[in-house]
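Chains: A, B, C, D, E, F, G and H, in written order; residue numbering restarts at 1 for each.
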Amino acid sequence: MGESIPEFRLDVDRTRRIKMPEAVYCHHKTVEQCVDIVGEFLETSTDAVIATRATPDQFDALTKLQPNSATGTTLTWRPRPPTGRTASVLCAGTSDLPVASEAVETLTALGHSVDLKVDIGVAGLHRLLSVLDEIVAEVVIVLAGMEGALPTVVAGLVSQPIIAVPTSVGYGTAFDGQTALMSMLTSCAPGISVVGIDNGYGAASAAHRILS
Amino acid sequence: MGESIPEFRLDVDRTRRIKMPEAVYCHHKTVEQCVDIVGEFLETSTDAVIATRATPDQFDALTKLQPNSATGTTLTWRPRPPTGRTASVLCAGTSDLPVASEAVETLTALGHSVDLKVDIGVAGLHRLLSVLDEIVAEVVIVLAGMEGALPTVVAGLVSQPIIAVPTSVGYGTAFDGQTALMSMLTSCAPGISVVGIDNGYGAASAAHRILS
Amino acid sequence: MGESIPEFRLDVDRTRRIKMPEAVYCHHKTVEQCVDIVGEFLETSTDAVIATRATPDQFDALTKLQPNSATGTTLTWRPRPPTGRTASVLCAGTSDLPVASEAVETLTALGHSVDLKVDIGVAGLHRLLSVLDEIVAEVVIVLAGMEGALPTVVAGLVSQPIIAVPTSVGYGTAFDGQTALMSMLTSCAPGISVVGIDNGYGAASAAHRILS
Amino acid sequence: MGESIPEFRLDVDRTRRIKMPEAVYCHHKTVEQCVDIVGEFLETSTDAVIATRATPDQFDALTKLQPNSATGTTLTWRPRPPTGRTASVLCAGTSDLPVASEAVETLTALGHSVDLKVDIGVAGLHRLLSVLDEIVAEVVIVLAGMEGALPTVVAGLVSQPIIAVPTSVGYGTAFDGQTALMSMLTSCAPGISVVGIDNGYGAASAAHRILS
Amino acid sequence: MGESIPEFRLDVDRTRRIKMPEAVYCHHKTVEQCVDIVGEFLETSTDAVIATRATPDQFDALTKLQPNSATGTTLTWRPRPPTGRTASVLCAGTSDLPVASEAVETLTALGHSVDLKVDIGVAGLHRLLSVLDEIVAEVVIVLAGMEGALPTVVAGLVSQPIIAVPTSVGYGTAFDGQTALMSMLTSCAPGISVVGIDNGYGAASAAHRILS
Amino acid sequence: MGESIPEFRLDVDRTRRIKMPEAVYCHHKTVEQCVDIVGEFLETSTDAVIATRATPDQFDALTKLQPNSATGTTLTWRPRPPTGRTASVLCAGTSDLPVASEAVETLTALGHSVDLKVDIGVAGLHRLLSVLDEIVAEVVIVLAGMEGALPTVVAGLVSQPIIAVPTSVGYGTAFDGQTALMSMLTSCAPGISVVGIDNGYGAASAAHRILS
Amino acid sequence: MGESIPEFRLDVDRTRRIKMPEAVYCHHKTVEQCVDIVGEFLETSTDAVIATRATPDQFDALTKLQPNSATGTTLTWRPRPPTGRTASVLCAGTSDLPVASEAVETLTALGHSVDLKVDIGVAGLHRLLSVLDEIVAEVVIVLAGMEGALPTVVAGLVSQPIIAVPTSVGYGTAFDGQTALMSMLTSCAPGISVVGIDNGYGAASAAHRILS
Amino acid sequence: MGESIPEFRLDVDRTRRIKMPEAVYCHHKTVEQCVDIVGEFLETSTDAVIATRATPDQFDALTKLQPNSATGTTLTWRPRPPTGRTASVLCAGTSDLPVASEAVETLTALGHSVDLKVDIGVAGLHRLLSVLDEIVAEVVIVLAGMEGALPTVVAGLVSQPIIAVPTSVGYGTAFDGQTALMSMLTSCAPGISVVGIDNGYGAASAAHRILS
């Protein structure tokens, strides 16, 4: 597109406005753009730096910038100091872990603790009931694919804010997470709010707004 | 369309083939067609006669043919003698009762007993758990609208055949029952089979095949 | 369905579990069922009683039970004492007021204050910017129909938790609120969580979980 | 995600509750997770072990755990002793065999016999009619892709329970099985119940509930 | 819109080009526009005149123009002399008759004979098989709602051209005819072509092209 | 909602920013709100005032405010003086006139001339070809329902800017204008831009931006 | 699946019933199944043999069976002798040729002649008008992707039967042919009938029914 | 398909009719067809030649024809001399650049100047506000993916014609650009017109019509 046209414009003021840094969404960008943008953030900002949705090539290139932590498709640099606050992250199944890790990485970079519980889907209800007393965090993120029923059951049992994350786990009528999404939005249990399909970063950001 | 063209052709042989009579689906028919068809069945068959989805006008006209039972939009004549077998019908909420009544009327006309339980939605899980031991019928029909999670939770707790009925209860993202339908088809619990939205008659027919 | 089958089963224990009473969702119920259920709640519970989505007939019948407040399709009895906490409710346009009123009624019944701002849609950005400094509540509910862009713009400007409510305002490609819903779920601004279309009650419930 | 967080939680109690073991859904899991979970089941349970939807890599790794049977994407260990009961599995075409094999493997692992008939689609009706008298099993699973008409025709001819499985066979307006799914749910023949697209395991589970 | 702007422009040349007159599609027009347009055709053309989709008000007003035939929502004037050719029209159920009548009226106005058969849906296959030898017309129009399987079964049994018409008969997952439409387009039987939902006029026009 | 909360906030500055006044979208508002808002505009602004999508009740009430022009569901006050510029408005059929009138009213209020041509749909191509030389306006608005092909054909014949308006004319697979919308967006002819379904006001506004 | 279960059941009787042989739909089958089925047809039938939708691997394997013709993904053996009848095949663009070739191969194998015209899309109308007089075949197959307007324009100009084939040519809002499909089904021109997306074989079969 | 059938038919007359040459849409064509068609245009026309949507293989082959410019998937030959007119192209994010480049290449080939601004999405509103005064071109193209809010905000701030381009940037509920598309079509800001998803060429063509 020509040398003279800058290809990005950082929102370095975001931390002041909304208490969160701009994250680098790598998907749809070139490897070079990702490296340049993360590099620029590391130079011009003092806040945590978070890169999400990196492809394997982008991940490898960004690893050379020495992130403090890197899981799945998320990398973070310069995590904030601990806030002493905690979010609970509940996964219906093991298959939801890749999305959960995006939330965990983001929350950790923003200084929060995470209490992760896996494989407590409603087909075996006792698994959830047996850990119910341990769900004491100030905000609860609940991930589920397939029919997405877990947030509904949790919302009838605990009083904290609940952020539901539909995941694209499943096939056929799971419709890449749409069924779980619509199920969560239509829940008969009161007070669930929902983020986009597989949007672990969005759930962490919503939790951060509550924890701040 | 002219007098000489017969407007219907009864499937009077159906009882022999599949052990169920043809039901009269009133929707989209004229009042006269409904009355004529039910009248013909009463004359030419000795099996139970079932009319479903009657509009108020159709319902009034059919009432004059002296049904043995009539609830909501369903009317039945000449119920079969009791078979001694029972179906359990579980409603997530009071709002599901109109669909449930179509199933109850049909099952009763076919000679089966029904054990109906209402308002046991998963937002208040203890309501379901408190009646769990009473679900002893040979087949379980579960109705739910909104996010449609009830069949999933039930299927993780009991071993009988489960027929799930999505209802059009809810608004917005309930999408007239589509969300509940997709949720039930994508359940993480094994062995749920599903009928069409609001199809109480279909659920009763599927239960009848199992009970026969 | 016969006298002997109880048509509802109240979740009177809900206040203990999740710090909110069960609300009476009137839609799909008969007038009699609505009146009976609200009456039962008034007798057996000491918490606030909230009825939502009442049809005009249901509204008239419920009005005879002397609600403390009644707007649009929502009625409430015995509001909780003030909690001293506040939610901000932002409407993109005047047309969103019916949905907003469901949220306002619910929040008020649960003891919270509400700061309502109307007609600050993004087509006239200065209207939002001129009231930005007044958005100081602990949680912000943002309603918008049509393209649903308001929550995205707000989320880039304030740091509080944001609960977005898509409304069915608009025609054609508004698709009864689906376009606004999808827009909000896909926001480029971080930390928006979303409830179902026109679900003012759900937004208030989610806000209540944060305010509690 | 750290060593100290267990990545799965087996539902070993499921056999007691619903007379079926938890199956291992391999899709979306890592190879290591699949091997670990199957290994854990083989150690801690005495029931049959079933793994479904294995990718080629997962399949190869699981084959080293010496399954008793393995077809397509399904592997099973320690099949239950024969129950003496039989399910009929009808395929509209040869292309439905991969989905059928998931059902056959599951039913066999649960101790049931299977009577499989292939290529009896309704475009050549005589093929179905010529085998009609052989469909004597206690439950009938019918698979079809494209327009999904086979279950409707079968349901008008036999009286047994019918579980319909839409398959993703076809292209264009087959919409990956959605057309077959909707066709089956909307059948004019009474008493068909339906599972999700390509869900051979779900159909077998529903049949097992009937056969138990 | 002002007197000076003509509100319509007749395609009086159409008979010459495609051997069919332009039909008057009444839906979305005012009563006055319908009457004016039909009147203009009666004056300026010598071919048959066909008006479809008339509302009750439009129907009453057009009746005053003394149509030669009028059924349901279709009215015709000056039918062409008999061509000696015949179309077969097959209805899955009685409920499909309103759509069938639009086809029958159009075909008759264009001079063709019609052989109408009703209530031969595939749930009672013998009804179709018993009339199979009577389907000898040069083209076969097949109407069905719900799952729309009838054209598929017919196409496997006869060799004539088959024009399938999905009807909006059914509820829930019938999706106002979309399920039948997609089923017909995805048929496993060869050589079915399809017109729009409830489009009896379109089916008759396609048959006319074949019969001409 | 209480007396003290103002229910609207006029964007009186809009004319300065974008050279168009804010229009009053009546749909979803109460009659009182419509009258109040139009009244306020008439008092506080000197520009043209436009109210769109008025229900019959709203239309009657607004008529009392003595509009300069009122057609269909649109009313306008104080039209701008003539600009001497012209837009061409092409309707595929008479049924598109209600949407066209919204565009015509808006353009006229903004001071532009309109050249309206009706009933030139592509099924009778000669009607379009015969008026082609008359399409000399600086911008062309093309309305069509059903399959929406008219803008595509026009765009291959003239060089002016083309704004396509899908209308909800048609039934069944017209899907309330969605088919026309998607057809226009996917046109094989270059340079068509599209507004929302039935959005005559939006098309006029886009034309106004070009004419200004 | 065991050796003893035959994996296919040929419909060798089809030629007698509907004057067309069963074609071998290769998609979703293994290479071995394709070769076995074609081999069996070559042995047991004397009619033409047609294989469609072969993957490259299947195509290579089938080529060893020495087809008489093979283009794109279609192979044919033993074409019928010429019938002396002709179908016109019209492509909107060069990109539609792969689908057209499936139709051409099938028609040729069934003994019909084909008159193919390419690149006559409606964005350059003169291309179609210049060949209009050459469209004299007894049936016209029209292929188009994107907005799918070509069949509509053709149907207003010629009187023969028109079979429209939506192709998946285009991107974005072409939705893999759905937009073209819906456009064709909703055409304002009378008498278009439509087959499934990219279904060249289906169009040829429908044309064959007309030509027979 | 045989040597004697020409596979394409150039619309060399298009420049005269609509002041734009036909562009070569490479997608769905073979490499050979692309090279042949571009070659033919270079020989038979004197206007600019534009090829869009080239695959890497097509791109490489076309590069040998020595284009004047080539970016992403677009190549152009013989650009028109400068017109002295300018279009503004605004990208919400860096990820929108590939689509923007298609628009930039096309506009440049047609002789127009382009003022490109990147990364001014509404989550950091100040970025847009800080460049607002620089948006002085005669027409503004606005690209955005995800929730697609940028055109709405721009349309409330500037008075020029606005052509919105939804991009497929995002995942999950971005639905490959559908959410951005619907958002733009449903904008609360007046006078936005929209082209298809990722259709940079279409936006440039629409802009060219305005600039001509």
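Odds and ends about this structure:
Please note the rule applied: a residue touches a chain if its C-beta (ideal position, glycine included) is under 8 Å from a C-beta of that chain, and two chains touch if they have at least 3 such contacts.
Quantities reported herein were computed from a predicted structural model and do not represent experimental measurements.
Shared contact partners of subunit C and subunit G are F, H.
Least-squares overlay of CA atoms from subunit A onto subunit H yields a rotation of 90° to the nearest 5. When chain centres are defined as mean Cα coordinates, G lies farthest from subunit C. Chain centres were defined as the mean of their Cα atoms; on that basis the chain farthest from subunit F turns out to be D. Centre-to-centre, using mean CA coordinates, subunit B is 43 Å away from subunit G. Subunit A and subunit G, compared by their mean Cα positions, are separated by 48 Å. Here the spacing of subunit E and subunit G, counted between their Cα centres, is 26 Å.
If each chain is reduced to the centroid of its CA atoms, subunit D and subunit F end up 55 Å from each other. Residue positions 14, 93, 123-124, 155-157, 170, 172-174, 181, 185-186, 190, 196-197 of subunit B are each in touch with at least two other chains. Applying the touch criterion to all chain pairs gives A-B, A-C, A-D, A-H, B-C, B-D, B-E, C-F, C-H, D-E, D-G, E-F, E-G, F-G, F-H, G-H. Partner subunit C is touched in their complex by these residues of subunit A: 14, 17-20, 23, 155-163, 181, 185-186, 190-197, 201-203, 205-206, 208-210, 212.
The residues of subunit H lying in touch with subunit C in their complex are 92-93, 121-125, 146-149, 152-153, 155-157, 170, 172-175, 178-180, 182-190. By the touch criterion given at the top, residues 71, 93-95, 97-98, 100-101, 104, 116, 118-120, 123-124, 126-127, 145, 169-174 of subunit G touch subunit H in their complex. Put simply, subunit B touches subunit E in their complex at residues 1, 5-11, 13-14, 22, 25, 27-29, 33, 37, 53, 168, 176-177, 181, 196-199.
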